[in-house]
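Heads up: the structure comes next, in structure tokens.
In this document, chain identifiers A, B, C and D correspond to the written order of the chains, with residue numbering beginning at 1 in each.
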């Protein structure tokens, strides 16, 4: 679906933001792009929809070569959510902003209305539709920026830190929505810093480091290399750290669900058994001695 | 240190953002303000440093009544980090932006230089000092916005979602810094959506809901009321959900450390023992039956 | 100052409208082409329009006459985008000011376009070009554009007012009187406009030279 | 301090019968009223228009303080018209001051002009204050105004907000880091503000025009006007009747 080949980009200011990035995102993927601040995530995403065009290398999105000329066409297939909602929303009211994209797709007014309602519902801003956009809180702006793109019903969704400054319920809601859309066939690519969220939803991870791909692959490929993760200014999910107390564990669990299964398994298979029995013995001896 | 009394505020646009907020933050506190998007967190924080002044009620910060007139004086004592770094930084280069505050404090140039270096170091942007600010990534801007305030060495630090869009290492670094500063006597108030972070660092929590204080108090006061938490669009820390598998637990742990102690305690005191032994028996029987 | 709604007699309002619409039409044709070829020039176009709106809304009282005066902003726009585009932007700014601040008017729109949007842009642009050709620096040339554009605008406005209000006196006499009474405010304003225009143009040339249209900037 | 202060759209979004009238009807009505105001050349006509508009402002509950602010500009001009006419026009000298004679008939003519200015100003103000610009632009397009022109109107309008927003953002940020605590600091801060304002608005504008392109920006005027309804019919008939009466008044009445 997306294919990036040897991409390089140096900003006019002088920073070399991408230094030979190659990446393949098959149709139907759910890819998380992670990396330190300034590692090039936003720059890479902007190449995928053609806001920036590489000085070297090539990008293909949805079967089209991404070029200055193909910008409009590419952006019909792809929805792009900016990192800062203040950069993205511009219409006078929430309603106008959500309708903007669908109208430009040339949809009839009743279809525009349907999409408006659906998108507003999906990010829970239905009660704000008539607000001027400069009368929103930051998180509300973020929601609006996502709704404006959802309403275009793209085949590929590219989001730059969509969950930053959403409240936890909004975050869960959005991630479930992305999950469902992805199940329905949409390709989702998101940049994020939320290490605890990624293993819950993403199926592929790409780690950037100083403009290069440090590693790309399945969850395990990435999270098993702890040293690399730390060099990329990331960490393991919090839950993993809990399981460091069991040094014999082969793989640390990454999500609460995995941790739960792990604990249950330990109990079932008796791995913990000897420890517990030892401890129990100690305790009993202690009590007897007292 | 901060005392808010019956504060009300309605935006010119019409939204009633604060609806009778009272809050007391003693000197040396580390307070997290949480709540759904649009619940009034930013509006409350802007009243604490005087960017907004209430239509009803009063605010006292660092012993001073916060008024339009006392704005300068209050802001000498308090450092305020905005939610959107694009709102906060304005000088041509990173260096100029960090130095802006200290210079306005009338400090001698060598002291300004010392603070510049210290603050840049604290948020790890030392290598960006000569960059124009519009040549930064979003996370780098966020770091800069924090550095500019740290360099003023205020007695009270008020931060609006300081960790949003920082990478995990930057987040940990910042939170440790805040922790140390707080230990050294600084009062810290931060709005945040990161439920997993709060129990690690904050000692008091204030939950806002639709412009009112839903609950304020210690960590346990807030996190033990699950229903309320969910009504405020929050959730428990992820680690807590893992421990729901032990239905007899009196209190769910909130951090990895607490969870670890909990598990160890369970093992020591044999609470888990019977379960394990039962399971082991089942397994053995199963094996024997096969 | 912009001529308000209702001041001009109907036939004069109509007479000013005709040339104004011709200039505006020509400007629109050029601007349409520019936006098609260079979609990324939209922000600059919008920004300059807004700047003209803001600049020509800073009121300064004119002593003795009880009216107010202000800088124009069109010379700067003409330097950055060319005089015809600046005419369009000036016209739009005038229309919005009329709508939102009753500053200027709808029937007097034509007259105001001629003085501020056309007069300010073309005179300012000509001054800039001539100064550049005479070998003056970028800042000084921009300053010249500011002074000349500003004074020409006021010359035309005073004439329009004189034509409408001369009563039983001769037009040149009233024109002279009006121009003279604006002078104490207008000279400092023209200087302010010069400093401002020079400041912005030099600032942009230093910081973001790429947004300047190379063809327009050549000496 | 707040981004919303000082813009008229706050009112235009508000719900009043005036803001609900179809903008196309309003444009025709305003054109008609302005035309009779000028061509009528009668103080009765202008007085009638001014009264009608004042009535609308009261009925539409347009904020009182804003009303005064809005007619400040035309008001200074009205005074100017009175004094200038008293000096330059007429034969009936009532007083002299140095080289200037004051004429009574000129003074009356000035009063008439002043009335015409106030009436015309009010008409435009009511249009501006009760019509969101977006709808006005849609109406302009309906009347076949050139697309480029309408686009520039919208661009300019949006950048006005951006300038205002960036200005207040920077000013707030500077204030909270004590940038305006002394005269010296204020001077330095204002220079920084002035210098950066242009670039900041430009940068933000670039990014949001990128965002527009991502969502298929073609035409800036985006949306449709619903067909005129009963309210529009009533408004149209009322204004037509008024204009009819005024024409009769202008033809028959005193000049």
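Just so it is clear, contacts are C-beta pairs under 8 Å (C-beta built on N, C-alpha and C of every residue); 3 or more make two chains touch, one makes a residue touch a chain.
Computed from a predicted structure; not experimentally measured.
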| item | value |
| --- | --- |
| Chain whose mean Cα position lies farthest from chain B | C |
| Centroid distance [mean C-alpha coordinates] between chain D and chain A, Å | 47 |
| Chain centre separation (chain B, chain D; CA means) in Å | 46 |
| Between chain B and chain A, distance of the C-alpha-averaged centres to the nearest whole Å | 23 |
| Centre distance in Å when chain B and chain C are each reduced to the mean of their C-alpha atoms | 51 |
| Residue list for chain D, restricted to those that touch at least two other chains | 4, 10, 158, 195, 199, 204, 213 |
| Interface hub residues of chain A, defined as touching at least two other chains | 84, 86, 132, 134-135 |
| Residues of chain C whose C-beta touches two or more other chains | none |
| Contact pairs between chains, per stated definition | A-B, A-D, B-D, C-D |
| Chain B - residues contacting chain D, complex | 11-13, 49, 51-52, 71-72, 75-76, 80, 82, 86-92, 100-101, 103-105, 134, 148-149, 152 |
| List of chain C residues in touch with chain D within their complex | 1, 3-10, 13, 24-25, 28, 31-32, 35, 39-40, 42-47, 49-51, 53-54, 65-68, 88-89, 92-93, 95-96, 98-103, 105-107, 165-169, 174, 199-200, 203-204, 207-208, 211 |
| Chain A contact footprint on chain B (complex, rising order) | 11, 13-15, 35-38, 42, 83-84, 86, 131-132, 134-140, 142-143, 161, 164-172, 193, 195-196, 230, 233-235, 238-239, 241-242, 245, 256, 259-260, 263-264, 267-270, 272-273, 275-277, 279-280, 283 |
| Residues of chain D touching chain C in the complex | 8, 30-31, 34-35, 37-39, 41, 46, 70-74, 76-77, 79-81, 83-85, 87-91, 106, 109, 113, 116-121, 123-125, 127-129, 133, 136, 146-149, 151-153, 155-160, 162-163, 194-195, 198-199, 201-202, 205-206, 209, 213 |
| Touch list for chain D against partner chain A, complex | 3-4, 9-10, 13, 132, 134, 158, 161, 165, 204, 207-208, 210-219, 222-224 |
